[in-house]
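Lettered A, B and C in written order, each chain numbered from 1.
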């Protein structure tokens, strides 16, 4: 009985659309966690933690949708799952994350997954909405990097993406691959790989 | 003759829709004053005072309308009264408010009125536009707190709502009451009461 | 042959609509340069330079279009020329502009051209979209000053327009002239003249 339930759960999870959804959820969790942890480090109250976590999670996509003049994505989600995942993640990190806040590295890895997915997703959405490669590149970078940018503006600190690490540039390289090859998975993996090298060996512009 | 004019003015003022309008005007004045005073404290020029005051007054509702993808409220006001009230209030405070800027407490009380009204108003507008309680809560908090948040970002200082006082949380409690009881006046009073206690006895998260 | 090509190029350039386009391009270049130089001074990486330059160039018009709820202008440009001019200018300044970054004065003169044009252009667009003089004034000031404002927010420094120089006020004076006389060139020249005096003799509010 339990075995059957597990089996059906597993076959549900392994459907392609659910794998994609799973990666998106992981990305939202990662970005929200990065916001909540940054808020904890600045010693904000629980509301600050929730706000900054949520801004980090859905801010990039919201900016993209406003500029493209399409409905803001998370307002039409089933059960508002994007918003709720961000709120829940931020809350969990506020309650239990003080120790984790000292080990930023774990979050960087989540964040790399989120960037890879959101950049490619933003490219595809921009391509659909505007039908222009350059705008799609723009919306891809905006979706991937916008959340972290707004998180840092909320915390009145210099945005992370300006600090010399390969971040927006990693997204750009991946989106060039997406443009040339139209292979979302390959370009996502490329973004993740560049970020991984950056995190491990501190690749920098200068 | 003068008595008649006063009488007709008074009966005009005491109509319910005009009472609501009066509270809204008070809220706009309070938020614009908070922005103008904060700008004065940072020693900004008159333009800075006007801009920060106006952003504080109408910024929350503007952000709400852009995210909901409905027309920005103050662009369709009769005589643009929301915009003009904010500009006028900021100007008056720039000219005469230097001494008042030392007594922030007065502004806190105005601000509490503004928060109470704008949060409930934002909830109702969000409910109409999206038909979803959670989005209505979101737009309620955004309308109530967004102006002060953008004011602080303009002044490149840590947003007030992150500093541990009950502020966004007061709005949330009131909006829960609005959800359960659907009594705008009650929930507005609740928000005001929590803010009043916070101002008087410095209630804090920690 | 070469002479003929030059001749046709010159007659093309001297058409009125192309003169206007030329001024707009100059304005975009000036604002993008101001952003790129400000980013260089803060020692940002190339991505930061591109982002801040582009935000400075097209940020004001983007904010205007979002608030007016009309399509964002640079997304429907032929060849996305506004966006590309900003990106290209920022890149050129990142590569070759380190020495120029020490001589801010040159940029101030470009910037004055940009402000003059963008303020008048924003007025005309606001007038078309909303049919109201005050909103047109608002969108004119927003278009002219918004890019520089967002540039400074990105760099987490106090916005330039708040620092006491005649800047937004210069735009306002010009737009009053535009309202009274409906002569775009005159009002643009007025804005430029006030900015020129401010740059040369440091006219200030106090």
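In this section, contacts are C-beta pairs under 8 Å (C-beta built on N, C-alpha and C of every residue); 3 or more make two chains touch, one makes a residue touch a chain.
Note that the coordinates shown come from a computational prediction; the quantities given were computed from them, not determined experimentally.
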item	value
Chain copies touching (chain A, chain B) - same or different residues, decided at half shared	different
Angle of the C-alpha superposing rotation, chain B to chain C, to the nearest 5 degrees	120
Averaged-CA centre spacing for the pair chain B and chain A, given as whole angstrom	33
Where chain A touches two or more other chains at once, by residue number	66, 153, 156
Interfacial residue positions of chain B with respect to chain C in the complex	39, 42, 44-48, 51-52, 62, 66, 71-72, 75, 80, 83-84, 153-156
Chain B residues touching chain A - in the complex, by the definition given at the top	66-69, 130, 132, 134-135, 138, 153, 156-159, 161-165, 167-169, 204-206
